[in-house]
Every structure is written in C-alpha cells, then in structure tokens.
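Naming follows writing order (A, B, C and D), and every chain is counted from residue 1.
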Amino acid sequence: MQNIYKLILLRKKQIAFVSAAAALLTLIAMPFVVTKIYYIHVLILCMMFSCITSAWNLIAGYAGVFSFGFQALFGTGAYVSALLSIHFGWSPWITMWMGAAAAMAVGALVAIPSLKLKELPYICIATLCMGEIIRLIASNFPELTRGELGLSQIPKLFQDNIKVKSYYLMLVILVVTLMIVVKIVHSPMGMSLKAMRDSQEASESLGINIAGTKIRIYMVGAFIAGFTGAFYAHYMNILTPTSVLGTALMTQYVAMCLIGGIGTIAGPILGSFTITASLELLRKLEDYRLIIYALLIIVTIIFLRDGIWGTFKSLIIARAEKHQNRNIKKETIV
Amino acid sequence: MMKKVTALCLLLTLTASLCGGCAGSVATSSGTSAESTGTSTTQSSPGSEQKTTAGGIIKLGAVLPLSGASAESGIACQQGLELAVAEINQNGGIEMNGDTYQLKLYCEDDGGSPDQSVSVATKLIEMDEVSVVYSSCLSSCALAIMDICDQYPDVLFTTIECTSDNFSTIIAQNTERYVNFYKPYYNSSDYGAAFGELIADLSEKGVIDFTNKTVAYIVEDTDAGRSCVKACEAALEKFCGGSTTVAAEVVTQGSTDFYSQINKFKALNPDVVMTFFVPLNSGVAYTKQVDEIGSDWVDIAFVYPLKAGFVEQTGAACEGLFWLPMQVDFWNNEECAAFADKVYEMFPNAGLNAMHLSSYLGVYMVSDAITQAGTNNARDGLAKTYGAMDYQTINGRYVFKEDHTAIASPEHLVISAAQVQNGEYKVVWPANFAYAEPVAQK
Amino acid sequence: MLKVDSVNAFYGDVQTLFDVSMEIRENEIVTILGSNGAGKTTLIKTICNLLPIRSGSIYYKEERIDKVPPYKRVDLGMSLVPEGRRLFPDMSVMDNLLLGAYSLRDKKQIQENLEWVISLFPWLGERSKQSAGTLSGGEQQMCAIARGLMIRPQLVIFDEPSLGLAPVIVDQIFETLSKITRENNSTILLIEQNAQTALEISDRGYVLENGHVVLEGSSDMLLGSPEIQKSYLGL
Amino acid sequence: MNLSYWIEMIMSGVVTGTCYAMIGAGLSLIWGTLKMVNLAHGEYYMLGSYFLWTLLTVGNMPLIPAIIISIVGVVIFAAAVHFAAIRPLLRKPGWNMSPWILTLGLQILLQNLALKIWGELYRNVPYFWNTVFKPWNMFTMSGQRIIILTSTAVIIIALMTVIKKTRLGRAIIATSQDGEYAMMMGINIKQIYFITYTISAGLAAVAGILLCPVYSVNPWMGATVQTKGLVVCILGGLGNIEGAIIAGILMGIVESIAVSAIGSEWRDAIAYIFLLGVLYMKPSGLFGKKKGV
C-alpha cells in the first residue's frame, strides 16, 4: 500500500501523462467500438462541453474571474461564423477562425470593464448582464439573425459521414485546448494566476500585473470558446439565441466545472462527460429526469465539495503525503 | 475522510449503474421490436427486425418541450398522442399488408431548445428505431429537426401545429431534400390574412371603429409572434387599404407585466390592439391589466384564449374579446366536445387546447397513411402516400400543398374568429361558419 | 484562571504552535512577547477556539474550554480586544459598545457597564453617534478596549494594543489597562511586541519564538534577561 | 404625453420595482452574512405563489390564513434547506463556490418538482381586493396594486427597523462586517446565518404572494425575477439592504420608461446597460461602500 502512495507522489507527472494517453486512445478508438451514431453524437457533445468548461475553468478556476457571461463568447463564435458562411458563402473552415477571433474581441470588451470590479458577485453579475445583452441583440435583429426562430441551413463542415468526421475534429479541438490549458497553468503566468486567485492583495504586492494577465487569459479562453462555438454552429446547423447565448448554457458549464472540480485540469472534463452523459442516459427516467439530475448535482456538491476530481485528487495526495510523513518519522526514530 | 471516500464510491457506482441500466434497457427496447402480436404471421422472421416491418409493432417518436417555458404545449401534445395511440391499440392496432400492428409511442423532452431537439430526434431514430417522428410543436425545434431529415430517408417527419412560414419557403426551394418532412398545419401568414379580413369585415359591419387605421401589437418573442406582425400588416394593406402600426411591442415569452405597454398605448390611442401569446399566463395578465387600466381600443387576441381556463381566470375582463384562430370549437361542435370528454377521461386534469386534437389527428393521419401505403418506411412510399392524402377530420380537411404544408381555406382548414359573449365562445367569422353576430366591444 | 496545556496548532498543514503551555492566575497581568510570526496571534485564536487545536487542552477556571464554541467565551467572562483595532467600521461607536455587551440581556446592567466604560474613556460619551470607521487610530483602539470591557470581563485578552500607535497614546492605554485590573480586579493577558512598556505593568511574561515558549518568568526577571534586552529592548 | 401618463408610468414601474426590491433585499441580506449568492431565491418566490394558490383553490381557505400559512411554509422549507444542504457547505474559507452550485442544483430541482407536483398549467389567483380607483381621474389604481405597495412598504420599514434598531439587527450587521470577531462578541453566527437565510426566503415568498394575482403562477416564474433581483442587489451595492430596495424601485421605473421610450424588446437590455453604466462609474454599486462588504 505505502509503496503505491510513494509511487503516486514520486511519479505524479508520469501517472498523469499515462492516464491522459490512455484516455486519448480510448476516445480515438470509440467510433470503431461504438456503432450507434447517437452515442458518437453524445460523445461529441461531451467533448464540446469539455472545451467550454476547460476554457471557463481557466478563467474562473485559475484567474478567479467568475464570468457568468461566458456563453456569450461561445454564442458569438457560433453566430459570427454561421452568418459569414451563410451570407458570404465562405467555407466554414475559414469562418470558424473568424468566429473565434470575433469571440476573442468580445472577450476583451467584456474583460476590460469587469476588471474594475474586485468582488466576485459583482464580476459574476456584470458579466452575466453583458452576456444577456449580447443575447438580446441576437434575438432583436431578426432581419440578420432570424431571431428566436434561429439560423438554420448553416453550411456543414463535412458532406458525408458527418458524425464520425466531426467526432475526430472535435477530438482534435479538445486535445489542442487541453494542451493550451496545461501550458498556461504550468507557465509562470499560471503560477501568478494561482496567486491572484488566492489573494488579490498578495499578488498585487508580488508585483503581478493583474489587469494584463487577466485580459490575456480571458482572451485565450474566449478564443477557445469561440472556436468551439463555431464548430457547434457548423455541426448542429441550427442556432437560436436562447440555446447558444442563453443562461441555461451558463448554468450547465458552471455546474459541470464545479461538479468535476474547479481549479483542476481533469475536473472540468470529468464534469462535462459525467453531466452530459448522465443527462442523456437519464432519459429513461422520462419526466423524473431533471429532478434526478438536480439531485445528483446537490448530492455531489454536498459530499464532494471540491467536485469529483478535486476531492479524489486531494484524497490521494493527502493520503500519500501522510504515509510519507509517517515513514519519515519512522526513519527519524530509527 | 472516510465519508468522502464512501460518497465518491457511491457516486461512481451510481453513474456506472445508470450507464449499465440504460445500455441494458436499450438492448431490451431493440429486443421488443422483434416481439410479435399473435395476428402477424410470416413477418416475424429474425431478418425482419428492420424498420420496414417491426414485426407487430410500429414505433412512433415525438420530440416535445416537456419541460421549460413551453411545457404546457408540449405536454398537451403528448397527451393527444398517447390518447390516439391507446385508442388505436384498443381497437386492435393498425392494418398493414393484411397484418395488424400495435403502435408504440416514444416521447422525448427537448426542453424547447432546437439543438436538444436534434439530439433527441437522433436518439429516437437511432436507439428506439422509430419509423415516424413527430417533430415538435415549436417552429424553431421543428426547423432544426427538419435539417437532419435527409439523413434518415426511411423515417417520416411530421410537425404538430407549427405555424412558421419558413417551412414552406425552405421546402419549396428544395422539395426532394425534404421529401419525408410534412407540416400538417397552416402558416402564420394565413393567420395574418384572416386578421386582415376580419378587421375589414367588422369595420364594415360597424362593429369596430377602424377609421384611423392605427394598430398596436404586443407579440411574444417567438418566430410565430414576430412574423405574425408582418403578416397582419400585409393583410391590412390588402383588405383595408393600409394601416399605420403605432407600436409593435415584443415581449419575452411568458412575461406577465404589461402595465407599461398598455399605458403607452393609451397615449398612442390605436383603433385596434393585436396580442399574440402562446402561454396562457401572458394572455390572462394582459386581459386583466387592460381591464384594470381601462382602454378605448378594440382588443383582438391570437391563440391564447383557446387555452383551458382563460375565461375562468379572466372573468368579466375578457367579455367581448375577439380572437382567432378558433382552431377547435370544443363548445358547439359535438364531435370536438366528445373528443374533449375523451381527453378529460384519460387525463382528468389536462389543460385542454387545440394541440390535443392536432396531435391526436396526427396519429390517425399517419396510421391511415401506413395502411394505405402498406409500409411504415418513408422511402418505400409512406412519405408519398402521406403527402398525397386528403384527410377529412372532425376539425376540417387536411390536404398538403406542394410545399408540404396543409392548405388553409374554408373548404380545408378554416381559420375562424370567435368572440367572448356572456363568458362563452361564439364563432362570429367567417360568415358561412358563424353562428353568432359580432357585437361591439364594451 | 486560564491554563494552556501543551497545545499544538496547525494552519492547514503548517504547524504554528508546538506544545505551548502557560498559566495565568487571578488578577494577574501576563504578557506574551514575541516577534511577528512567533505565533502570538495563533495562540489567541486557539484560546478563543477561532482556530481549533490539534492536541493539548485549554482550561478556564478548571473547566476545559478548547471544545467550547467561540461565542460562548463571553458568557464565561472572557473577552478579546482584537489586534489592528478591528471594530465594526460601519456602525456607530455606541453600536460597537452595545455589541460588546451582546451577551448581556439585562438592560440595567448594560447601562451601568456603559457608564463605567465611558468613565474610563470620557470622550466616547459625546462621540457615541460617530461611526467607528471615522475615528483616529488611537480612538479606535480605545473604542475596541471599551467594547471589550462592556461585559466587565474577568479575563481580557489584548492583542497588540500598542500596534502602530504614538507613544503618548500607548502610555495612556497601558495606564487604563492597569486601572482596569485595579477597579474591576480582572485578569489581563497581554500580547505585545513593545516589551518595555508591557513588562513594566505586568507581573509575569512568556516569550514565544516560532511556536515554542522559549522563556518565562516574572517581569523583572525577563526585563533583566540578556536575550530579552538583546532581541526586544534593543539594548 | 400628459402628467397622468407619466404618473401611470411611474406607478407601473414602482409596482414592478417592489417585487425586485423584495427579492434584491433578500439576496443582499444573504450575501451580507453568508457570503454566498442564493441562486434558488426565485424558487422561494415561486413556492410562495404556489402554496397560496394551493391553499386558496384546493384547500379553499380564507385569504388571510392562507397567506400566513404559505409564508410560514416557505420559511420552514427554507430552514430545512439551510440545515440539510447549505450549513454543511459554509465551513470552507476563501473563494467558496460550492454553496452557489448547490443552490443552482436546488433551482433546477425545485422548478421540476413544481412541474411534477402542480403540473404545467398556468395557475391564477384572484385579486385580493378587486376594485379600481381613479384618484383625481388622473390615473387608475387597482386595489391589488394598492395592497402590493402598502404591504411592501410596511414590510420594508419593519425590516429596516429590525436591522437598524434591535439587538438582532446589530448582530446581523456585525456578522456581515466581521464574522470572526462577531463571534468573539458572543454572537452565534451560525444562528445569524440561519435567521438571515429564512428571513430572506420569507421576503421572496411575500413578493410571490403579493404579485401572483397580477402575474400568474407557473414553475418558471422565479427565474426571471431572480436575475433581476441579482442585478438589483448589485446595483444597490451588495450587502446593502436599503440600497437594494431603492435600486429595485429605480430599476422598475427605468424599465417602464424604457418600454415607453424605446420598446419592450429592449426592456431588459436597458436594465442591464443601466447596471453596467452605474458599475462603470461606481464599481461598488449605487450605495455600496468603496471596498464593498
């Protein structure tokens, strides 16, 4: 037993890497294993949410900017890309980048004013309002966006075998996203982010340029969200303001992030997969579905306040360290 | 520490069991498609486990907003569908190629959001292997589903009471792509037309005063709402030689605070105020609040008065209100009244409205089409037969145009207007259907 | 009166107190000396159970209190004058004082105590309406002390009362402290960096260094001891 | 655009505003002490209305007892929630989001439970006092709206006196300013947490009960009001109850002006822009302290 713990402590990185690789391989293998296209579809949704949630986690969990308007960036990416490809007939492969860029710009617009706000709820609500405003703009210009009826007939990315191809594209997006996130978290910037999250003043005294870092992070997150949104638009081929800009989406990614474990890398992904999958699988419960879903959230958060992954991690590490300490003590005694 | 460990394990096992359980039930559900009723003779060979003949059972799927702001409509549809399926199965199921088949209904919730409705439709087709999909009573969701219909040519897609014009335009552009998608209902432009004619007729009769030709609109923020305004303006142009829109207020669906709007209108003083809401609460709130503040315009309501409980909840406030379309006359049409009784018999506290009947008829139309076509596969002719049907129902005659939309006309689906007279609905327009004279409001 | 018995305390995983033991007897003034980060404030938090202890025990009048919730301390006649003059800034001076007497329900007694406190700091009387946040540093400290005295406590814990105050005010404050012991014959636990003044008024003292009690004894003895002179009196 | 028009407009704004004010004050109170945002607050509003509807129509009770029972019911429910779910989560220091997400789950749960229990139909409660006044023939005022205004005023004044004048009030303020040292003053802050949570739930319930005759009752009625409530309590300066109340009424008026000046579709947008504008000029809200709570 102790050896295992020792192993965990010493080989943290390697273990993480191996498990990540294993997960990746399983995901790659999935389409060959799973025959039902519906399951592929669900997996795509899972991965898509993983992207958004990871991006949000980067902003909220590491930078400590709890933006409740993040769905607006996703939506912006989706709408911009869709509109460009519809009205100008440009290839989605190009417009996706434009969508992401647009989202990035909006992200900057959202980030800059909300930096004036120190306290958590102020940031939450201010960003929420911005998100809502963007939603209202989208739904109040029916000439352009077709309003609540939604944009349909959005050009597809693939013409045949759509699901499987989209699946692999999404997988690529997810992997890239994670690489970016990991890179940022392990960079000096990431360290300063943690400092920032844990105490504004401290990091100020550490001489971290909060505003600059936050904006940069926010824009990275915005780009990821926007790109994912653009993918979504061309995958689903339908957009409505409420579905891609609405607060329901916000509730989902916040829930996923916290259920999975905010401030961790694996947490959001775990959360996204758990919640998306369970939401789909719970369909068997018919009209009790959402009740059970809510209960799941509540129970999880009561018993695992740091989220599934957060708790798991802290458990293992704590255990391992305790053992180590004990061993050290023993050695000193002997 | 231990608590957390146990909780973690508990959670994991729970999720695992969920996945397992559902996977299992998926297996069983595909298994049921093989089981056959005694009457089916040769069909139930292992090879015939495909959609074409599901060996004794024909599966219908429905994508409906069973939760969220539109749950009222969604659940109404679900009840209508269930009623029809139960009835048909009691009467021995439906006949196809000399065999009789039982119907099996799968209703799924999309929360009223188009992207979910696509997922759900995919699920119904892929997992439950349904051969017909009732693709939502919300235009936006139906449009979303419409976009995947060419990926499943074996499945027949048909909507329930969607009124958006966009179906017609899209289908008209590319008929063969949407060969298996139908919309057995009229368009909001038809609403508009009716509105225009009604106004013209009433002002001619001197029932309403439309001299200034000023109209104010309050519509909900849905496609139906927004497009209805345009349709009405166009129709007024056509039948009344133009009108001026003094205000077009778009409110979020289900909103219930109209004091500001009403007050605004009092200053603008329009001849007619048109209100379009699907949820009952908005309608009730508006009616009560207008009555409270007092107005000197004519109110013409769309859709909401037909929802169960409108008269009870508004009381005297709704007296004299004109409204259309009187989709179903549950009060003076015996057959429809009988249908209402059937609904209440099965769902004692149902909120009866037109959706019940439309979805109910939807099932019968499809089953007839299946019998006629001799197949439940859209590609093998079900779609064609369904599209070619001329279906006489207790609530009008369903005939599809080349854009796969039902025709609205006095001979087919009539859009009639009613007025609340002494707390009862009386059809006052068009003349050949009216059994009561319109009277001046207030 | 108060007995701290081999207490170990942790902030998260960091141990901040190592087997700290000390005793305060009736009507004593005891000073705890220690530089920043020596664990003075941690010690207070553990005594008040704002920071639960890992091991050891704390006795107050022979009964064990290290499991008793913080808000019960007041009923036991123990009161804390927080460091850094933590008043409730948005409340009036009067409200702050009344909060000091929160645990008392008897109106008459509250009134008496109020008068007594005001007799100690007469200016509090006329400025009772002023909001506490707008007081000067020294005034805030006095207000905090007054608030701490509102229950006529048997044991008062002062956390660095002289922190960042002008010497004049410091003397003034320490005068009041000794006055309180005389008038109210209450016991005082004094946490200080300012060794000289503190030890002058106190009977005994302890010296904390990174979580360990390194020295204890009578004030004179401590004042005499070379370590103290070196590290605290800068002689 | 005569005077009566403006009065009428302001009145409608104020009536809507009172609802925002009640919700906002509750949220503000909760934030002040518990340092959490209660995302299930709108659902207490919803429950209040549903309890009243049930007691009146199903139980056919007389009005006054029905109202009292439904308020008590909601308060008890909130108390249960507080003990069962929220208290265990309050221990963790620092940036603690778990209570938020808990209330988020609670919101979903309550909405769908309501859908299950009371069904999808829109319920309606008759006006408490069904008359219409025309003061000086200037504007119309239904009995219901008079009841709404007066009772809200009474409740708010009562709340303020409790907070400003009483021992409990001092304890609440102390807790919201410095929980740790409030404890050292002998204040049992757990108790204060409990009291504030239930009080604010009660406020939400009252709002729901007063307004359900004007607006009708359905499982989703809480969500929109709650968003506005949040906006309002930020606008008023978080943790500042008077602020929230004033901001609520202000917001109501702004909205009704927005409707008459621009149009309903931009109503919410205007409200949000208003908040953002205020925050931009005064980052701690209209009546917030510099550093916030």
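General observations
One rule holds for everything that comes next: contacts are C-beta pairs under 8 Å (C-beta built on N, C-alpha and C of every residue); 3 or more make two chains touch, one makes a residue touch a chain.
Everything quoted here is computed from the prediction, not taken from an experiment.
Touch-path distance (fewest steps) from subunit A to subunit D is 1. Across the two interfaces under comparison, C-D and A-B, the one joined by more C-beta contacts turns out to be A-B. With centres computed as the average of Cα coordinates, no chain lies farther from subunit B than C. Chain-level centrality, scored on Cα centres against the all-protein Cα centre, points to D.
Once the centre of each chain is set as its mean CA position, subunit C and subunit D turn out to be 42 Å apart. Averaged C-alpha coordinates put the centre of subunit B at 74 Å from the centre of subunit C. Each chain gets a centre from the mean of its Cα atoms; for subunit B and subunit D, those two points are 36 Å apart. Counting partner chains per residue, subunit D has residues 112, 115, 265, 268 touching two or more of them. Counting only residues that touch two or more partner chains, subunit A has 140, 287, 290. The set of subunit B residues touching two or more other chains comprises 67, 221, 250.
Contacting chain pairs in the structure are A-B, A-D, B-D, C-D. Here subunit D touches subunit C in the complex through residues 167, 170-171, 173-174, 177-178, 180-189, 289, going by the rule given at the top.
Only residues 1, 3-5, 7-8, 10-11, 14-15, 18-19, 21-22, 25, 66-67, 107-109, 111, 113-116, 118-120, 122-123, 126-127, 139-140, 143-144, 146-147, 151, 164, 166, 170, 221-223, 226-227, 250 of subunit B touch subunit A when the two sit together in their complex. Of all residues in subunit C, only 48, 50, 69-75, 79-80, 82, 86, 88-91, 95, 98-100, 102-103, 147, 151 touch subunit D in the complex they form. Considering their complex, residues 31, 37, 85, 88-89, 92, 94-95, 97-98, 100-102, 104-109, 111-113, 115-116, 227, 230-231, 234, 238, 265-266, 268-269, 272-273, 275-276, 279-280, 283-285, 291-293 of subunit D touch subunit A. Residues of subunit D that touch subunit B in their complex: 1, 5, 8-9, 11-13, 15-16, 112, 115, 119-122, 124, 132, 140, 142, 214-220, 224, 255-256, 259-260, 263-265, 267-268.
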